[in-house]
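The letters A, B, C, D and E name the chains in turn, as written, and every chain counts its residues from 1.
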Amino acid sequence: SRLAAQGAASVAFWATATLDIGDKWQEFATQNGVTPEFTDNGNDLGPVIARLAAGNANDLFDIGGFQGGAEKELARQGVIIPWDVAKIPNYESLWQWAKDIPYLKYDGKQYGIPAVVNADSIIYRPDKLGKIDSYGAIFDPKLKGRVAMEDAWINSAIFTAMYLKESENQPIADPGNLSESELGLVMEFLIKHKSDGQFRTFWNGWEQGVQLVADQEVDAMTGWEPIVYEGRKRGLQVEYAAPVEGYEGWGNNMVLLKGAGDRGVSDTAHTFVNGLLGGFYGCELGQARGYLVPTDNNVVYAKAHPEEYKPDDVEKLGEHVKAKFAGKIYWQNARPDNFQLYEEWWQKLRNA
Amino acid sequence: MAISIQIDRVSRDYGPVKALDDVTLDIRAGEFFTLLGSSGCGKSSLLKLIGGFDRPTSGRVAFDGKDVGDLPANKRPVNTVFQSLALFPHMSVAQNVGYGLRLKGLWGVALEIRINDALDLVELSGFGPRDVNLLSGGQRQRVALARALVMEPGILLLDEPLTGLDERLRQQMRDEFGRLHKRTGATFILVTHNQDEALSLSDRMAVMHRGRIEQVDAPARFFEAPANAFVARFIGIDTLLRPQSIVAAGGHAEVTVAGQTLPARVEGPTDPAASVIAIRPDRLFLARAGTLPALMLTVVGTTFRGLHRDLKLAFADGQTLVIAIEADADIGPFSIGQQVAVGLKPDAAVLISSAGLPPAG
Amino acid sequence: MAISIQIDRVSRDYGPVKALDDVTLDIRAGEFFTLLGSSGCGKSSLLKLIGGFDRPTSGRVAFDGKDVGDLPANKRPVNTVFQSLALFPHMSVAQNVGYGLRLKGLWGVALEIRINDALDLVELSGFGPRDVNLLSGGQRQRVALARALVMEPGILLLDEPLTGLDERLRQQMRDEFGRLHKRTGATFILVTHNQDEALSLSDRMAVMHRGRIEQVDAPARFFEAPANAFVARFIGIDTLLRPQSIVAAGGHAEVTVAGQTLPARVEGPTDPAASVIAIRPDRLFLARAGTLPALMLTVVGTTFRGLHRDLKLAFADGQTLVIAIEADADIGPFSIGQQVAVGLKPDAAVLISSAGLPPAG
Amino acid sequence: MMTHEGLANRILLWAITIAGLIIIYAPPLYLLAVSFNPALQPGLPRLSDLSLTWYAALPKERALIGALQQSLIIATVTAVLATGMSLLAALAYFELRARRTSWFLTVILPMFVPGVIQGLALSAVFTRSGIKASSLTVIAGHLLWAMPFAFIVILTSFAAVRRSYLVAAADLGATRWHQFVDITLPLIRPGLISAFLFSFLLSLNEFTRAFYLAGRQNTLPVVLFGKMNSGASPVIYAMSGAIFMASVACVALIAIRSLWTGTGQRSPR
Amino acid sequence: MTGSRLPISSALMTPPLLAILAFGLAPLTIVVVWSFWNWDPSTYWIKPDLSLAGYAAILEVGRWTVIVSTLVKAFATALLCLLIAYPTAYAVHFLAGRRLSILLLALITIPFFTSYLIRSFSWRLVLGRTGVLNTWLQDWGIIHAPLDWLLFSNFAVVVGLLASYLPFATFPLLLSMRRVDPTFLAAAQDLGAGFWKGLTSILLPLTMPGIFAGFLFVFVMVVGSSTEVQMLGGAGASIVSVMINDVMRVANYPLAFAISTIVLVVIFGLVLIGNRLFGLASLFEDQSP
């Protein structure tokens, strides 16, 4: 509200802190006529869903922005409502593979709009490991105690499954949606390595991830690319692998909360999301963190405002991500069909 | 503002312990009343009931005839010097002393003057700002005293207020009590183990024993006619002789002890099994042998007591009596085993109930 | 196991308060030593230094000549009855009493027997399982006493151990102290305000005043030759007369008070400005007028004291003396204003230093 | 009265005390040093490198500052309410006789409910009763979390209030109210201060309950958590450095004040 | 003493009781009720069918071991905190002079104004392979290669927990020591007790309320903690709150609530047993005459 530009409508935007552009929302509001009131949702999908399903989120917020995968569940419970893409002109500018992210739609309706996408693999130190091009490094006994994975099955199970599928020819159909037996295979594999002391730790969160590499706690770990950018900013020699097994694709999607409809701010919400895809936001986010809004509007906007953004850089970032998606991609999925089993296995892994 | 107090068949049980056992007592308005009694006999328990800090298990407490069972302590016209002192640890000496007056609405210079007067009274002038936790035992005692005295209440309860004070200060405080009593006309109830205090101040006093009142009387009566052996011994009549036989007639009796006969006033049963002969030490004198009535006794010991000596003398059957003689009286020295004659002034011996005498003898 | 104690130029300051001021004192091995002194004069402070609960600001404490400055309390052969009692609130009576013995390794029946004996001694048989917090004042006092006595240490420090006990119990405890002292041969240091206690028990005693020791002597000497007016008054020689003039010769003097002359033994300065005449009350007697040496005085008041009466008599210049007469002596009654003759036995008057007399007179 | 611990024991006691201080100071002091390091990578700065770069950037961190304000307000209100309520609960505890134990257990029960669950469940209750989330709902959650702590702390401090003091006050004419204000309150003051401090710190640091119960304005821990997990700049170290120094200042001020004014009463006896 | 007690105690009880009922009992009811409901995969939501599935699931995949290990961790940390806090409180109260004790109190308080999140994170920088401690130890020649177990280990977790919750033990201990008349200790010494004996036989029993409170505080805080374990524990390190978060992530509310209920019942049960055995609730009662 402090940021409210004159006459601009306001929406309550409840999202991962990564999506916040702080002071720049003012400019956003001037351009789009909508001011978001930004609230950090903590980046852990569990509590976010819980607050939507059982708590107060719908009383408070209009738009949610968090990792995709749970749209189906939230839609079934009726806590989110579908977007009308007709009211989001910029939707069309989204790259096709972003529109094709498997779980954006439920029951034929559009529940998620991908605002940020990327594809993740391995962060590693070439000074110690040379060039790495496989997740096998993570499970390489020679690196015992010098590797880490993320403290969440949502990422770690899929990476392992990709490795087993692609490099060890294990019978796994979709690493992002494992059957009961596939899951057993994957998790037993993880459990074995964990028991062998392969992993230094399971990490959690951005800053801790950065520190793990920076402080030489690990030489390689599965993780997010912006950590590499950050590491380089801090003078580290870090690389992001292009593994033969492919990348884990993910989307940070916008969902429209039921409360927005009830309060009659649904149209404003559409305007807001349209704004996110309009170019300015993509330029800002790319500059701030290396995140990508999957549309060409970024480059268009940068070219129109060369004094503020370097069009070349914006284009390069776009091409870089696009290139990743041109190869093998398995989509991260917050709600695989057997997700209750994932959790059980995860406990087994913890307690192993 | 004199107030009378009626204690009516009051008992107070602490579980199996009967701290007060069916006590009935009337204290007159404006009276100076003293409670004596051995440790644990229920004196403090009685004061607590009067002060309103405790409720009787049964019975009734009334002021001027009005039941005060439901009157809380802070509404009673009573102030107390507690045996445990109960000084407020977070207040200075002056704050402790001034607390009650402040509650009464006093403040400023008037309050200060009253506090200082009270402190002067207990010889603690200049101690006002001191931390009460860092005082000597006697100093704490005096703060507690000042805190109650300064209130000048209708009823003042003093639970051993002068223990821990030296003789000079005690004397002075005692005089102060007398003056205060006269000036305020309040009803005073004093618990003390010091007979001088009791005797010189009290209009009447009570001797308690095991939660019961053994005797209530004017001080002099306790010496003239102690209710029983317990009371006699308690007030310092240490010589209690068991009579062999008694020949009584009209308030007087001839009693025989270990073969020797002496005259006694009768104030109790005349049955040798139920009575003892109380001998007042102040009515004994060393007599020339042959004087009558006199007892012939054997010296068994002497003790130096400063301004006098105690001479312990034995009858033939081993019963003893003690006689005080001036430290440098012309008589003596006495050697153990020596025979001396002891003369008895009138009323030296009183025949009283043997109740309360420990079975051991 | 007798131990001697040397207090060597000891001071203890509490901020501006000098609780002990350059005290030097030798207590002999096995001695029964008593500390007397007004409230706040430093008695407890001195005991704390001996017990090891405090350190002197300056000076040295030694046992048998060996400095004990660094010896902690638990290693000292000392036990104490604290003035504040310091009963352990989470222990029963028996646990309190048995605490020290248990630390010595005693247990089982042997321990129980010792505890019960100690409780018997203080007349608390059967109180073993009771909660110490729910006892009467005197009962608590006795638990503290039993807790220290049961240890039978080389040095026993008793800080007003008998306050709050009735006369009979005091007497009994006093006798117990005597027996214990004889039996264990320990060094006893007793703080008391009760002269009877001090006089009947002590080998020597000290009178303290404002952190200093005024006199250390055998008990009788305090009456024969009090060091000064403070000591005299403190031990009960209340009659201190200011001399008009003094004619001294060889240890004796003729002193004049309000025009009347009386003989006095010289134990202090013979300068009228620096001395007072202490009159021992036990050496005064009512004389027939005309007897010599005798003083003619005016009756100004009488007080009943139970077994005797106090007669207050005035000189022409208003100075007073008090004479005790038996309650029912043949003489009297006395009316205020009446003239009486007072006879003086030998050594009734002693000329001593006037130090310690309050300026008010 | 002096107790004699012996040199070895004294050394031991002080050593443990100092070890404890080192343990609790290692993290904040390290971070304080880090906050003056202009490098992006947190680490101990060289003396020559010391800089206020991150502090200078602090005022621009609107989200952090807003959250800090929110947290301070919530913590203060929580502390006031928790202390007050716990005082009432403690007074009730001493008034009650037979049902004392049940009351005690009732009051401390909420502290055993895990934070996530309490937060979610309370948020569900509020939502179902139509109460909109705001700083008030956060306070409600924090209050219940802090109250058992404050209650026990205050109960502990009640040991200083002997019954005989109250009796003596009543004897001098004090009504129950005056007994409370003049005797009880000053004697339990250390407990009230501790209870306030405890509640304040519990609320200030509480994450889970705040997350579930907050309105649109998050509290500091929630925002910090978000920042840590999404690419924070060292400004967050400057933030905690500033909070650290501010608390040093506040606590020092209070300590100095109590040094000046405090009566050093120790052992009421 | 005087008057009737009931009205006053009810008046005093009303505000806290209302708060407890409204903010405590109502949610607690939800927790317990939901723990007996059923998770429905078709709606991803719970169904009001009575089911013990939540409780049954606790027995599977080692979940109950997490509960046990949490209790052990909480117990150990609480004990360690007492072991450090007790001497600290003793030093502050009995050894330090007035000024020093105020200073120490201030020192004990200050760190806790900094977010425990940040503090825990900072331990990673202190204890890590290239952290301050390893660097110093190597510089001083005490070790020649960095110690791996300093971080991402139970050691690190316990250090982190200690640092996070130490004052929660120190303050109640201090408060309870304040009430102990030093003459009691002097009397114990007088009767022959050395420092340790006096400590165990006099001071410890008299400070039992503080010990209980300090222990309970740390215990409860540890049971509710997750950050320290996540940031400082080894791979997959768990604790009840982490497990509950895991379960919440898959929206298995009946299970999450069943775990909570069990934790609640276990701790509360321990307190009840403690109350039976040691009269915990009466620790705070006034025993003075």
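Here, a contact is a pair of C-beta atoms (placed from the backbone, for glycine too) under 8 Å apart; a residue touches a chain by one contact, two chains touch by 3 or more.
Heads up on the chains, UniProt names are B, C, E = Spermidine/putrescine ABC transporter; D = Polyamine ABC transporter.
In this text, all values refer to a predicted model and were calculated from it rather than measured experimentally.
Separation of chain A from chain B in touch steps, taking the shortest path, is 2.
By C-beta contact pairs, the most connected chain pair is D-E. In whole angstrom, the spacing between the mean C-alpha positions of chain C and chain E is 57. Distance between chain D and chain E, defined via averaged C-alpha coordinates, is recorded as 15 Å. Centres computed as Cα averages put chain A at a distance of 90 Å from chain C.
Here the CA centre of chain A is 36 Å from the CA centre of chain E. For chain C, residues touching at least two other chains, in rising order: 52-53, 72-74, 84, 134-135. The set of chain D residues touching two or more other chains comprises 1-4, 6, 42, 116, 120, 124, 160, 162, 164, 167, 170, 176, 225, 228, 264, 266-269. Chain E has residues 1-2, 121, 125, 181, 183, 186, 189, 194, 198, 245, 248, 288-289 in contact with two or more other chains.
The residues of chain D lying in touch with chain C in their complex are 1-4, 6, 269.
Those residues of chain B lying in contact with chain D across their complex are 51-53, 72-74, 78-80, 82, 84, 86-90, 92, 99-100, 103-104, 131, 133, 147-148, 151. The touching residues of chain B, counted against chain C in their complex, run 14, 36-40, 44-45, 83-84, 134-139, 141-142, 159-160, 163-170, 193-196, 199-200, 219-220, 223, 233-236, 280-283, 303-308, 326-328, 345, 347. Residues 2, 12, 16-18, 20, 22-23, 37-43, 47, 50-51, 54-56, 59-61, 204-208, 211, 214, 226, 230, 233-236, 289 of chain A are the ones that touch chain D when the two sit in their complex.
Interface residues of chain D facing chain E in the complex, by the touch rule stated above, are 1-6, 9-10, 12-14, 16-17, 19-21, 23-28, 30-31, 34, 42-44, 84-86, 88-89, 91-97, 100-101, 103-118, 120-122, 124-125, 140-141, 143-144, 147, 149, 151-153, 155-164, 167, 170, 176, 190-191, 194, 197-198, 201, 204-205, 207-208, 220-221, 224-225, 228, 236-237, 240, 243-244, 246-248, 251-252, 254-255, 258-259, 262, 264, 266-269.
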